[in-house]
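Two complexes are shown next, each including subunit A; its partner changes from subunit B in the first to subunit C in the second.
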Partner chain A sequence: MEGAGTSYSNAFRFVAPLQEHLLQGSILDAHCEVLLHRLRGLCDNADTTPETFSDYEAVYQLKNNLATPASQYILLRVRQALDHPEAPHHIRYLGQAEVGDKSRHTLVRACFDVACSSNVRDFLNELGFKLDHEYVARGYFFHKGRMKVMVSKIYRMQQPGKTDQNTLEPITQSHMVELSVVAPMGQDSIGEEMKNFAEQLKPLVVLEKFDHKRLP
Partner chain B sequence: MQAPQSKEEKQLDAGLEGLITKVHDLKNQIAAFINKLETEYETLNWPSMLDNFALMSGQLNSLKQLLRGDKMPALRNFVLFPVLLSQDPDPHLEKLTEGRVVSCNHDLVPDYLRTKPEPEVEEKINLIANKAANVNIETATKQLNSLNKITSNLLDIINSSKDEWENDAGQKGSQPQTSQQQDTTNLVAAVTKGLRLRRPDPSMQQMQAGPIHSMQQVQNPRPGMGKMPSAIKTNIKSGSAHPYQRP
Partner chain C sequence: MAGSSVKVSVEALQEHQIQEVTLDGQEIYVQQLSMSENLTKLAHKIDFFKDESDGKGKPASEGEKEVAEDKQLAPFMPSLWPWDTVRNHLKCGLTEMSVLLDVLNLVKEKQYLVADPASQDTPDTRPAVQLLAKKKSLVAASSVLLSGAERLKKSHCEASKKTNDFHTELSTLRKIWRLKKVSTNIVGDLSYRSAGSRFWQGGSFEVRKSVEGEQAETEGEGGAARATSLEVTVPSELEGVAYIQVEVKTVPDMMDLTSSALKMPPGLSAVPTNAYWQSKLESAQNVLFCKELFAQLAREAVQVKSATPHMVIGNQIITNVFPGHQLSIVLCHYTGKEKRVPPSNTKLEHNHVLEHSLHQLLHEVHHRNVRIDAPHPVNATYGMTKRRRIAGPAALTRQDMIHMADSESLLSQIIKQTKHAVLRIRCMHVIDQMAVSIQDPQITAHWGCLNSALQSSVRIFITSAGYESLNTLSRTSIVLLIGVDTIRVVMKDGRTCQLSFEDKELQDLLLWQIAQHHTSVVQQIARYQGWQVLTANSSIGSGDAESFATSSAITIASPKGDKVISFRSGPTSGQRLMVKSVHSQADAHPSPAVTDSRWFELGGAFSEINLEKLEGRNLASKIDMLVAHLSNH
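What follows is the complex of A and B.
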């Protein structure tokens, strides 16, 4: 059992040496409209109305016997589009976000995405994964080149598994703003591009590499 | 030319000599400054620039004083005219002018010895001077007044727009906050670690209820129940430590 977790994450690294470069921030709901307007001007899909999404995400965890607290659990995130029931479900593994030094402008974490069938949650349960938490994210999606911008509101679900509007409760008075790029390992130049883009959203939103170790 | 010099001529010689040294000083100063600008432009700072300007202005002043001084004859009464113009290079002249003027020729002399503006320029100046002289005093005052009026109006407009602009800038500085750090923290914590999204776990509730239960047991007057766990703990400790202490 010892080392099972490492080989697990190593396997991910081996299979898909993809990395997600990430900048995070938030905007108060009252000013969200202004941000959307600006994003429409900056991004590629300017001619269409902003693409909306409404996703349900369930995070499953499997206990790991490793001693290091950082890898105590393996988390897998299952996403499903509530507004497109016919779309495949999506399962995602995310590694520990690395802050790096000053020369790096973004967070970088290993990232592994797979599309899967709708019974993936049962499958995970059978494997021994347990549902850790779940939420609904609703918002807008933009892209500029390979950069992806998501402006989304995060809702807590008051009843397990229920995604009706009246059982959802927003957790803050802000929208979350994420700027991300998934790229093969070693493409550090993307950070510069992202930094320049984030610069254009100031002072409306301050997108920064948010150190996840600072989290409570 | 060796005739005894008159008093005036002596004075002129002395004056010119002084003038030449002063001009030479000024020239050296300007050359040094230009050299500084060309070689130290990366490290040159504003105060040392100002120092240089002050030096030059001082030298110009002393030159002026010399020209106005009592000992200086009225230079305007003397005429300087070229005796000989030649296309051939003159090494002496070249040396005197540090290579700037090679020969005293027809091209240069009119420029160097000019005491009046060019005829066309002079004509224009005269024309304007005549026009100015012919203006009626009344119309002049009228025009002056209207000019003053226009200027003050313009100043008002500029001032008011400056005020507006400054207000705008002030408002921009106090732009309402569009994002909150706390919200960012909460959102990131929720999305990455599920903070505030996790439902209270039923097993967690049991664990929370556990200690309360045992507390009640401790408060119970029966002492045996409370001691039991601690005894087991020490047993385990000594049991595990034993084999290593005595092999």
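What follows is the complex of A and C.
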């Protein structure tokens, strides 16, 4: 925390050199059923009903002493499964996204996941982190091999910290589709695998790598 | 003319024309025409009325000889023939005459043609009637068309039934198996990959349209082979029939390594080459599964360290379960190329239950590979179990984590199951043997119908015939919980003890319990007859030592106190009965310390009673009789 010269991203890589490969897209609510149907066919365990999830995510930020604009803030995401109260809370650090050139099919970022106890938010507050934003994501989870496919709808919370059904308000008229693989560093074949999978969803949803910095 | 030098003279044949042949064979000839007669005959044929302008020949008034000569030359120069037109006209005339004759014949003679007068109805002019008629005729026409279509459909159906369409069959195949198109070929996958298998060997097969000729051949061979227009080719290493054979053998000392030869049950034979694709694919899939199972077991047999080493020899895995009991797992793969072993008379002694549980175990492994708990929250790391996820927040120790990661190998699981199966059979055998050999008391065993692959239970009742309902105390019940290699015994009084896998231990325990049962029966009888139990000890320390366990003894006194029976029962020494009778001495010196008369009768000698000589079916009835007799005395 004292800013010893190494970037946090590098520090985390040293601890757990895991990278998340990510492709994102969105689909209008009206066509979501078709996409779910196709995903059921494409993914593993087609015989079971798709796994649903309902997660609450809160993003905390801490101002960084380092003056580099890229890492002005340290963001930590705390996620909690609303439909599985017994599941532990999760804290997640995401590194700088590397968009890369054309030869790279996916967005790659360092990723660090830790399961933690339910008082983690208090702990972060104590550390000086401030709540940046929060939302609820609800949707369906699929997997094919090690690929995770999440089709989720993002809800805004009208009252801060309240996750009741009637206080939630959908942000858009569409679902977010994410295709992600968390893998050790240096496994570039995943990109190809993910691209092939994304091709199969093509007319319904276009999964692309989005540079979040360039978003308006 | 071709050769002008050669003279060809043409004249009438010298032979006479035959006019008729009489019945006796004589031929009557036509008189040869003279030259003049011939000429007149020819001249008769001439149509002199016809215009001669188109005849390009010479005038008719020319000399007779010339005409005759010309006529005879005619075949050789038709264009120059002067009588050509005449002939043509005559021919035309003849044709017309013939036609006229034919027509006359047709009209006159009824046999050729019958012409009925057609009665033509005056068509009804009213539009309604016309419409009705039209409708009627349309209905008739449509019914003709429909019946024709029906017939066509039927014949088409029959044709398609005989030879299934390639595409319909392909779609059926697609419903059951995984198929994909690779350039021009259709390739299928029969491996268990999608079900969670991680076996290196793939199971791709090729789908082809079968050739017409072959198809006819299969049809001709008999009704068994279903005609199919689709042909699948499985890899050669997956051809044939395979199965895993599990045998538990009792071997005297050493491991028996000679039995790894392939033994083929006579009922099982290779899949015929022209089998229907479904059966072909299923057997290939089974071969793949058996191979995976065996490969997994063999790998574990080599890796897993155990007290007794497992041996992998060729297609056989041998391991010792108990001393003298050997488990052999054999992969039998019969491709049809091996030399046929003549079916031996010895029936194959293989364990269906263990074979089945081996298959189940691998299926479970597959299942675990595929069914992974979904992460919650959804961005948590995928592929962990639920317990693993809470390991961090719940602060599990390293020991717990290691314990969590421990997974039992298939081989050790199947060895455990085998041990249990062997132990259970041995117990059963011991109990049955004792129930047969020991008549008094009776031993009955009630096996629990609910048991797992690693535990089963049996309740043993020891009763004396005729005295079962005396009291529950006179019935000894023991519960055996048979585990993997130990037996836990819950005795009558609730004490538990642990037995090892040795038969002798169970046998000794049962004998000891029987000996105690005798004592408790005597005690019950005494109680019912009003006798007094002086002492009862289930494990007495006096007397001769038993070779195992302890003997029990009881002393009972008659209500009057003048008879005392002492009974001793040991598992090896048997049962002994002694009676003491004291005659009361009324004239003895009474002492104020003696409050009751029976205390006078403490002394005296016991005399042994030969139990075998006593009357009664079993020990209980003998004692009953004796006690009753003594109390009346």
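Quick note on the criterion: the second predicted complex is superposed on the first by the 208 of 216 C-alpha atoms of A that agree within 3 Å, B and C clash if a C-alpha of one lies under 4 Å from a C-alpha of the other, contacts with A are read in each partner's own complex, and residues count from 1 in each chain.
Just so it is clear, a residue touches a chain if its C-beta (ideal position, glycine included) is under 8 Å from a C-beta of that chain, and two chains touch if they have at least 3 such contacts.
Treat the numbers as computed from the prediction; the structure is a model and nothing was measured.
Of the two partner chains placed by superposition, A:Lys195 touches none, neither subunit B nor subunit C. Contacts of A:Cys116 after superposition: subunit C is touched, whereas subunit B is not reached. In the overlay built on the shared chain, the residue A:Arg38 is in contact with neither subunit B nor subunit C.
Once the two complexes are overlaid on the shared chain, A:Lys144 sits clear of subunit B and of subunit C alike. Judged by the touch definition given at the top, the superposed model places A:Arg104 against neither subunit B nor subunit C. Contacts of A:Val205 after superposition on the shared chain: subunit B is touched, whereas subunit C is not. Overlap of the subunit B and subunit C interfaces on subunit A comprises residues 137. Against subunit A, the residues of subunit C that register as touching in their complex are 194, 370-372, 374-383, 386, 389-394.
Residues 175-180, 183-199 of subunit B touch subunit A in their complex. Against subunit C, in their complex, subunit A makes its touches with residues 44-45, 51, 53, 55, 57, 79-81, 83-84, 86-90, 92, 113-118, 137, 141, 143, 146, 148, 150, 152, 180, 182.
Note for the complex: subunit A touches subunit B at residues 24-28, 31, 34-35, 59, 94, 97, 132-135, 137, 154, 156, 160, 171-174, 176, 203-206, 210, 212, 214-216.
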